[in-house]
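Labels A, B, C and D are assigned to the chains in the order they are written; within every chain, residues are numbered from 1.
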Amino acid sequence: MHNQSLKLGVDLNGLTLHNPITVASGTFGFGREYSEYIDLNQIGAISVKGLTLEPRSGNEGIRIVETSMGMLNSVGLQNPGVHAFIKKEIPFLRQYQTKIIANINGNNIEEYCEMAQILSNEDVDSLELNISCPNVKNGGLAFGTNPEVVKEVVSKVRKHAKKHLIVKLSPNVTDIKAIAKIVEEEGADCIALINTLSGMAIDIYKRKPVLNRISGGLSGPAVKPVALRMVYEVAQTVKIPVLGMGGISNTTDAVEFLLAGATALAIGTANFANPKVTAEILNGIETYMRTYQYDDINQLIGDLR
Amino acid sequence: MHNQSLKLGVDLNGLTLHNPITVASGTFGFGREYSEYIDLNQIGAISVKGLTLEPRSGNEGIRIVETSMGMLNSVGLQNPGVHAFIKKEIPFLRQYQTKIIANINGNNIEEYCEMAQILSNEDVDSLELNISCPNVKNGGLAFGTNPEVVKEVVSKVRKHAKKHLIVKLSPNVTDIKAIAKIVEEEGADCIALINTLSGMAIDIYKRKPVLNRISGGLSGPAVKPVALRMVYEVAQTVKIPVLGMGGISNTTDAVEFLLAGATALAIGTANFANPKVTAEILNGIETYMRTYQYDDINQLIGDLR
Amino acid sequence: MKFQGLVRIISKKEINNEVFTLCVERPKAIESIKAGQFFNIKTSAYGSPMLRRPISVSSYDEDSIEFTIKVIGDGTKQLHQYEVNEKIDIMGPLGNGFEYSNEQEILVIGGGIGIAPVKGLLEVLKRENPNIKVTTILGFKDEPYLEETFKALSDTLKIVSETDSRYQKGFVTEPLKTIIGKPFQMTYACGPTPMLKAITPVLNAAEMPVQLLMEEKMACGIGACLVCTCKIKEGDFGYKHQRMCKDGPMFYGSEVIFDA
Amino acid sequence: MKFQGLVRIISKKEINNEVFTLCVERPKAIESIKAGQFFNIKTSAYGSPMLRRPISVSSYDEDSIEFTIKVIGDGTKQLHQYEVNEKIDIMGPLGNGFEYSNEQEILVIGGGIGIAPVKGLLEVLKRENPNIKVTTILGFKDEPYLEETFKALSDTLKIVSETDSRYQKGFVTEPLKTIIGKPFQMTYACGPTPMLKAITPVLNAAEMPVQLLMEEKMACGIGACLVCTCKIKEGDFGYKHQRMCKDGPMFYGSEVIFDA
């Protein structure tokens, strides 16, 4: 039934996916756990858990707060480090036809560059420069919200990245278009957005912020309207393709992002509620395409009237 | 049962309220409609529908999209104009012991000043400078997100405003603390936040943005974590009191905002689901105060451990 | 004070596999109801969807209020899951409702679930004036429902359907053409906006007064938030935006501007 | 492939006014279950709350799985509204579960709703070895429940309550003191974190091995998102963060670091 004459492949400016549905970094581990619930071959690409040069134990204390149709997380980039990823996780993921996107995170610009360098020689399909993580002290959000720093980090990493390079933006900015333009100018192949919105919760019984680091990253359906607006704005602004995400949970959401101009989509938080959501959305998109008589997904992308 | 020895009065730096629960501009009209469902005397203050110098018909087309635990609105400041407000609405509201906050909106700085001037001579308790409305072409959001413009508009309006002056901030900024500091420096008596987040929705059947003006303002429980984070940040930054709002829907939310440092709260979107929510929250706060042995609400404000 | 609170469900009836009725106890606090008014109903105690859903009164008496509801999305699905004796949070009655005053001969036009408030209207009119002459036109996309009910309430009943071949095929405008100009004192209509938009110029041209019961997405439902509008001829701006929920949902065909 | 999907509710039973059981059909696809494992359950078809709720298996056989649930907030309230024959979306079994291997004499400690998985464990152990000697300590805040069930599953049963004066007053640590050092081959414990934190040093000091079934807020429930952690002694950082949902929820008392 799948693919029956429908063309679903997309090209993110050098990174080709057999369908536009990817999973968002940090929500899908390295694919192992979800492989017991869903055929990973059905997923266009997997952006793996955010990697750092050295292993990280992540943040202490409570790491999650459920909010109204959303969640705050404060994982703090717990990961086994880039070398363990290369050794243990790439071979696992290569069993599947899904593309591998390595999400990279540095404490400073040099670390970003070093990781880009290392991974350029490894069997991954794309590097996703995460300059937008709100949950670590150094780097992350600070990089992603200051236009000058964005310029510097992207231009330097570009020199070391011999692979397809995605830059993932923070939504916690006044003007996402300006940041996107800089990222395009500095040579990124693709822009991913949005990372999480910075948010907070207080435990009224303990009278303390729930999260040790006070604020965390908001994701899930709650943020979708903001994400869609930013994806639309960026798609209107840059020529490089956009990998859209933020609260996508069902077919309607997915089609909205495609119509807004995203060439591919990432599903994050929605996997937690429904481990098969990626396949269901792909199916739903195909039905939509049949109903509205698109035979190539690329016709649908940005097709607002 | 109410007030049984509990002190609920707060002072927003010159604007005293008999309790900290107010209603947010644009969600409560001029109080008339809700007066049939709830005793307006129970509400600390009413911020009236955003006023402009001349009457406005508001935006064309669909004005609302329901989103996951939130809504996008694009009302576009439909209002009868400041003069009709003075003539017809102030006398109505003065029947109650609730304070009157006049929410003012200009197409340019001169209009803001003119409105401040006019209302300074009228029987209102406070002026709320809305430099954050996302739903109009001129003014609004553009004012609220540019620090230099914020500085100019607040300093000029301050000169014309002979009343208590609240400045209401837009959350669509990289650094809310910087904006808040400017507002404080330029002489505002109080800071209100957040206004709505800028968001979007697409009608996948018509393949068009649902709202004529493409984006609208997101409010409701979905935005609460972002609002709480910003209220906390601003309360940590400025000395003038904060009027906190954004998604407050129940007692837990309200107590979180108080603990985060808000001196008073505004309830907006939650009124739509429950017209008695303000009274219920006030009740809930009293119960919380008894449980945690506060006899004055002012002890609770900012009381994070 | 107006009513907002919990009421007990007295009965529930499936009309077809999409449409059902809920009948609730009428609270003492509600002194009067008019046909064409609606209630804003909280569909879930757990927040989502956040907003209430406006549902017209499809019948009422001293002790009860009936709603006839079509399942569309999550909100109406949740309403469908309520069972007899459970309580539901309603708010109202809201809106202006139909204006009726002793007409002797009327035309009513209902489309789809828009027949619900029309049914409520005809019941009241028949109660107040058993001799009233009623011509009814109903239009459905698929298989008609409540046919027997409307037969009993009408002197003449015409039903059209877009797909059900046992009925005249097409839209309500077809039977309307054949009776346009007859001496109805009033026409009452409720249905999807495209239907109202189609019949209004026809009736206006024939100088037949028509009351349109209209629809818009709502939030507060009481006129406070200004998210629901009806564009009305004349006014401060060459037109004006009235509130669908408070100034409507009934507007006269002669005053409404239908935009694209 | 592991199981995630809809299962039919076979029976529902109220234990007291806060606690109830749901028994569901065991899908064929689930080959094995271990006591101490849990399922991640979608409480609402309408989105809110968005996340699933982890609930331990309190009993199982070839045809059915039982959950014993305490109503706390919206999620568990929604679970309570399900009726027999309705279907519910479950995912699992998840986590490591208890490790059991032919012990002859064991101690089990349950606190509050933490008695649910302990019940499941005892049923399995008794099934596999009817001669096993079981000493059980249960602690409740208020009135105890499932007392008869545990009487039947235990050779010695001690119950404490913080408020119900018909029982020994206090916490499980009181009766624990009196039997500490007895030759139990294994202790199994489940209850609120403060209880586990209180008993662990006592058991560790007596060199009594203990399996703790622990709790943390979860999102994915399968080990992918890293929001649920258990801090474990030793590892790359002088300690390491293990995943409560995947590497746990059972950890040995000797390996856990209890932070403030």
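Going forward, a contact is a pair of C-beta atoms (placed from the backbone, for glycine too) under 8 Å apart; a residue touches a chain by one contact, two chains touch by 3 or more.
Since this is a predicted model, take the numbers as computed values, not measurements.
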{"item": "Top chain pair, ranked by how many C-beta pairs fall in contact", "value": "A-B"}
{"item": "Label of the chain whose CA centroid is most distant from the centroid of subunit C", "value": "D"}
{"item": "Distance from subunit C to subunit A - Cα centre to Cα centre, in angstrom", "value": "46"}
{"item": "Subunit A and subunit D, separation of their C-alpha mean positions in angstrom", "value": "35"}
{"item": "Cα-centroid distance, subunit A relative to subunit B, in whole angstrom", "value": "34"}
{"item": "Centre distance in Å when subunit C and subunit D are each reduced to the mean of their C-alpha atoms", "value": "53"}
{"item": "Multi-chain contact residues (two or more partners), subunit C", "value": "47-49"}
{"item": "Interface hub residues of subunit A, defined as touching at least two other chains", "value": "65, 68-70, 220-221, 249"}
{"item": "Of all residues in subunit C, those that touch subunit D in their complex", "value": "44, 46-49, 74, 77-78"}
{"item": "Sites on subunit C touched by subunit B in the complex", "value": "1-2, 4, 42, 47-52, 91, 217-229, 231, 235-237, 239-241, 246, 259"}
{"item": "Residues on subunit A engaged by subunit D in the complex (per definition of touch)", "value": "26-29, 32-34, 36-37, 49, 55, 57-58, 60-66, 68-71, 73, 75, 78, 220-221, 249, 269, 271-276"}
{"item": "Residue ranges of subunit B touching subunit A (in the complex, touch as defined)", "value": "65, 67-70, 72, 145, 172-175, 197-202, 204, 206-209, 214-215, 218, 220-226, 228-229, 232, 247, 249, 252, 255-256, 259-260, 288, 292, 303-305"}
